[in-house]
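As written, the chain order gives the labels A, B, C and D, with residue 1 at the start of each chain.
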Amino acid sequence: MSSSYGKDMRITIFGQSHSPAIGVTIEGIPAGQEIDFNELAVFLDRRAPGRNEFSTARREADKPEFISGIKGNVTCGTPLTAIIRNTDTRSQDYEELVRIPRPGHADYTANVKYGGAQDYAGGGHFSGRMTAPLCVAGGIFMQFLRREGIEIISCIKSIGSISDENELTVSTAGKEFPAVSDDAGEKMRALIAAAKAEGDSVGGVIECKVIGVPAGLGDPMFDGIENRIAQAVFGIPAVKGIEFGIGFAAAKLRGSENNDCFEMKENKVVTKTNNCGGILGGITDGMPVVFRAAIKPTPSVAKEQRTLNLVTGEQEILRVGGRHDPCIVPRAVPCIESAAAIAVYDALLARRKEMR
Amino acid sequence: MSSSYGKDMRITIFGQSHSPAIGVTIEGIPAGQEIDFNELAVFLDRRAPGRNEFSTARREADKPEFISGIKGNVTCGTPLTAIIRNTDTRSQDYEELVRIPRPGHADYTANVKYGGAQDYAGGGHFSGRMTAPLCVAGGIFMQFLRREGIEIISCIKSIGSISDENELTVSTAGKEFPAVSDDAGEKMRALIAAAKAEGDSVGGVIECKVIGVPAGLGDPMFDGIENRIAQAVFGIPAVKGIEFGIGFAAAKLRGSENNDCFEMKENKVVTKTNNCGGILGGITDGMPVVFRAAIKPTPSVAKEQRTLNLVTGEQEILRVGGRHDPCIVPRAVPCIESAAAIAVYDALLARRKEMR
Amino acid sequence: MSSSYGKDMRITIFGQSHSPAIGVTIEGIPAGQEIDFNELAVFLDRRAPGRNEFSTARREADKPEFISGIKGNVTCGTPLTAIIRNTDTRSQDYEELVRIPRPGHADYTANVKYGGAQDYAGGGHFSGRMTAPLCVAGGIFMQFLRREGIEIISCIKSIGSISDENELTVSTAGKEFPAVSDDAGEKMRALIAAAKAEGDSVGGVIECKVIGVPAGLGDPMFDGIENRIAQAVFGIPAVKGIEFGIGFAAAKLRGSENNDCFEMKENKVVTKTNNCGGILGGITDGMPVVFRAAIKPTPSVAKEQRTLNLVTGEQEILRVGGRHDPCIVPRAVPCIESAAAIAVYDALLARRKEMR
Amino acid sequence: MSSSYGKDMRITIFGQSHSPAIGVTIEGIPAGQEIDFNELAVFLDRRAPGRNEFSTARREADKPEFISGIKGNVTCGTPLTAIIRNTDTRSQDYEELVRIPRPGHADYTANVKYGGAQDYAGGGHFSGRMTAPLCVAGGIFMQFLRREGIEIISCIKSIGSISDENELTVSTAGKEFPAVSDDAGEKMRALIAAAKAEGDSVGGVIECKVIGVPAGLGDPMFDGIENRIAQAVFGIPAVKGIEFGIGFAAAKLRGSENNDCFEMKENKVVTKTNNCGGILGGITDGMPVVFRAAIKPTPSVAKEQRTLNLVTGEQEILRVGGRHDPCIVPRAVPCIESAAAIAVYDALLARRKEMR
């Protein structure tokens, strides 16, 4: 089933880049939950295009219209649907993609899968634009989670080879460029600017922490917190890797180094280190859930690329026109938070079934 | 829901380390598929304990009994269940775990989640032993996939700081130590032996390739091949990270470097490089699907560790008794293949619904 | 999860009677399927209010806007969403329902379930109006089924005590009053008119046949064709019973009378009778699938009723204002067909996974 | 997916009549729930064969072995699996069924569906024997429900044309023949004996009540209590119809007659009548949930029947050998209760997610 997430609630994202609208349907939200629409708008702004010198020039209001599931600003318990109109759509730019697929994009694979019936305009359902309804859902669930004492924060950990080793401890949401250290952030911006100047793009790594999550969330084997978050995070186009706690670095350690020692602190069980990223056996241990996601460089580059003309079977020179983000990482930050939010909220609902 | 995987078929793994049996129920296998039980036994042997100097001394036949879903050696279309009896169970070793949870294990989180009702003996449902029924399912689906021209191969890419840069091109299934290069393999074994000698353990990275997969498998957003494989692979205890194609390395590249150029080869669309790991927009492009998983070092170490006595609130010195694998990575190789197999087979069934 | 149907595709109905819009999201439609919007409009007209003397005076265009999932008039493979704006909403009529629930309506149960947060205006999500998006989905799937040679027809079998014993063999879709026999239809209309004149309402029975369905659809036990159709049909408000084949009458027969004898006819396996309604062991046998649904009389009656004031705990006299259908059965006919269509299409997709 | 039920927990039934064993896997049971195995055995005895003069002579211990999911007699939170060995299997009786399908059985439809790979011995997965594991699950959930104050009772309402109009108010579990009135019961038994004497069989109707169910269970549209119970009940072979409250009789009433008037009784909201069967808008209103299921006569009759030889295309005379229940209705009573139990328990878990 395409574009659905969740077992104890369900989020379905619909729409194409150039369809009349895009949107999201959320089933299984408990009734009586208030939504702060202003706060949501501020959250959505963090993802919106056209905000700074690195993001695509396509500007849209991206204001969701809530067409069901609420009474005033309170959930009424039945499916919530929000839609965002597509206004700035110029489909004529895209017709060639069926013959000449762009490297790094889903043009070719969508063509095979849908047998030519895909909506290729603007990348269709594969457009990064589909993360807007993801953020509508994520922003709503982040509000609900906050009421349970759970906060989700994240930052850019690296852009290209520039990394920021400072620890993520507070939200970077208010920052124009969401790195922990402003110094590192400046270097990252310079790297992005350099890539842009060359008609190229660059990738990076985002770190996310879920703080205040109670011990006991998640299920053994296939519905562990790692499985749940991974399934959500890979829903964001351009994510190519995820690791929890120290992740791949754990593979280099001895067990005696990697194990996190339990201790008691202020009457709460904690671990001295958090190499496991707050997850043991798929279940939260009460420490922050920590993960990092690798974001590949935007495949749309102005620079010349070679690709294949599927009709002639010949190589062709391609220059992807239009204006594209030279680095999608800053705008991906709230998307990563959204993915974490839907995963954790779903696990929270599952947990409620177990408690009396 | 704990311990289930799949949307178009469903695998449910049940059992605890010391329950009468463990096993797997598979729903949604098409009827009329032959199972080669000898081949399956050979596959299961790759995961079985007690085979070499590094694996736990617990030896069991681990021979699955098929109690439903087949007629002779052919699937009959209704749910297939196989069970494996637990014979070597000494529950008295484990009673202390509820009070004094082992670092790096699920003792503490299971206790919170199940409120003390968990079956802690031998790690219960969190035991690595639960990968035996996963391999029963995986081994069966690998046979079915082979009939569709799809082969799954994998190898140990690194143990601790020793890595093997040789490319994985053929199965390592026949090898006693499944590294591509025997030289690198020898160094890895030495490292494991050293860790063992110190009463310690060590982790590593496994690489897996799915070869011969047709273009067009997988769905946009949350059911992409990355999402599907990640959800399955994190079902294996000890996995802490996963990356597809070049994964985290992609985050360091420019778009022009990372994009894979399409070309035509022997009348087939291929890409010159395979940085994307055979997946674009969540959908296979016909190139091998490539991923790597990070395996943490076995948390059970003979070496002294500090942990918390939950009853007294005091720190205690713990030495995990019994005999444990100093490195779980070699035995995890067929588990990773199994996880890939169930994910790809499920995607294949989904694909059939689209084709006419 | 509220308001979702399907396992191999999924339909989610959202909206409330007085929310900005109502609609449906359909996931899992194969790409490349044409939708005939004119034909769909004709189908939706059969359900629309205000068409004859017995249906509610609320008149709305009820024209769905397709906002995703299609390119032109062809499905593109990703989730299809259609919305219908609510225009004629007068919420002030309904505020009393929370204190004084109407008998036979969901006012009281929704209040308990949603703890007062329910959207009670116009019945909210429990309004018969939610069958409009059901018919959008159903009308689309009926078009797809027709291309597979499967036709769904239905008729009013009885209204109150007036029944029509004529056999349903051809569609009644073109009729103003969808009974097989015009004579019986006239008597039924007279009965409805009589109920209306008394400020009362009346129920009835609808029969539905799915013709041309291939043998082999449906699954044993909980996903048999009966289970699937029943789950869909009870999604229509006011349905209180369903029976397949001769249904409850079978309980009165001997086995030798009830069994349908197989025979060969024009090289096709058929049964001489069809007491089982085309379903054996949950699986279609190639004969028409036949079922009947009991529709209760509209609970909204102008006549005085007693009910409870939840605040005072006292009985009150209630007269449900506004204009309501004295009999919902005629407008329920296309809803029943829609429920059958989504159930059969879902079973058809499941079947494709089994076939090579 | 064949043979699974439930959304917030999941029951999967596996096995064939003549496979090594049959059984059930239950996921999503909360941990810490005690199971009374003696009480369960008493419940299973009500369904077991060979108990009286009307039931099949096949006698098996039918004692489930619990192989996972419990510690002692308490659920541990992970999947519970119970198996029942098949001991009395004589497969040679059944080989002819593929060529000469029995009327009223799934022999023909299974053959089409599984393309000849079906396990036809003893009816395979379509055997009534598969209701044994259903009753294992149902019996367990009935114990859990009782702790929540919910009791499920049922009775035979009619056999053939003999019906019992006495109201069902207390459990008939202790009776040898579960009719409310012993007089009516005697007449029903005489009717069964008469059918048996003629080598024939007879059907009947079972009524079931779920008492003590709190208001607020169930979801609008497709997951209403009616939808949920219907999907479970049609999982029992031979059920051909279901109705809630007064069901089909409601279709004959005026709205003013059918509506149930709310009133206050001992500080509880009740309805004066219960025509709706305790369900409004798919949600329980706190009154007993009432439904009736129609059971067709056993298709296996000793009497001569005509059927088709699929190989020759000719009609043949068939006499179904072996000893078969002349009436399955008495043994179906605990199966109906089990179906109700799994449906209500699943709805109860769904409800917990909504409550704080």
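Everything that follows uses one rule, which is that a contact is a pair of C-beta atoms (placed from the backbone, for glycine too) under 8 Å apart; a residue touches a chain by one contact, two chains touch by 3 or more.
All values reported here derive from a predicted model rather than from experimental measurement.
K.L.:
Please flag the chain sitting at the greatest distance from chain D, going by CA centroids.
P.N.:
A
K.L.:
Please work out which of C-D and B-D is bridged by more C-beta pairs in contact, and write that pair.
P.N.:
Higher contact count goes to C-D.
K.L.:
Report the inter-chain centroid distance for chain C and chain D in whole angstrom, where each centroid is the mean of the CA atoms.
P.N.:
The separation of the two C-alpha centroids amounts to 26 Å.
K.L.:
Averaged over CA atoms, how far is the centre of chain B from the centre of chain D? Could you give it in whole Å?
P.N.:
A distance of 39 Å separates the two centres.
K.L.:
What are the residues of chain B that contact at least two other chains?
P.N.:
Those would be 1-4, 13, 28, 31, 77-78, 113-114, 125, 220, 354.
K.L.:
Over in the complex, which chain D residues touch chain A? Could you list them?
P.N.:
8, 28, 30-31, 77-78, 220, 349, 352-356
K.L.:
Give the list of chain A residues in touch with chain C in this complex.
P.N.:
Per the touch definition, chain A meets chain C at residues 1-4, 9-10, 12-16, 19-23, 25, 27-28, 31-32, 65-71, 74-81, 83, 113-119, 124-125.
K.L.:
Per the contact definition, I'd like the list of chain D residues that touch chain C in the complex.
P.N.:
Interface residues on chain D, with respect to chain C: 1-5, 7, 13, 101, 103-106, 108-110, 112-114, 125-126, 130, 158, 160-161, 195, 198, 200-205, 215-216, 218-224, 226-228, 230-232, 234-235, 237, 239-248, 250-264, 269, 271, 276-277, 279-286, 294-301, 303, 305-308, 310, 313, 315, 350-351, 354.
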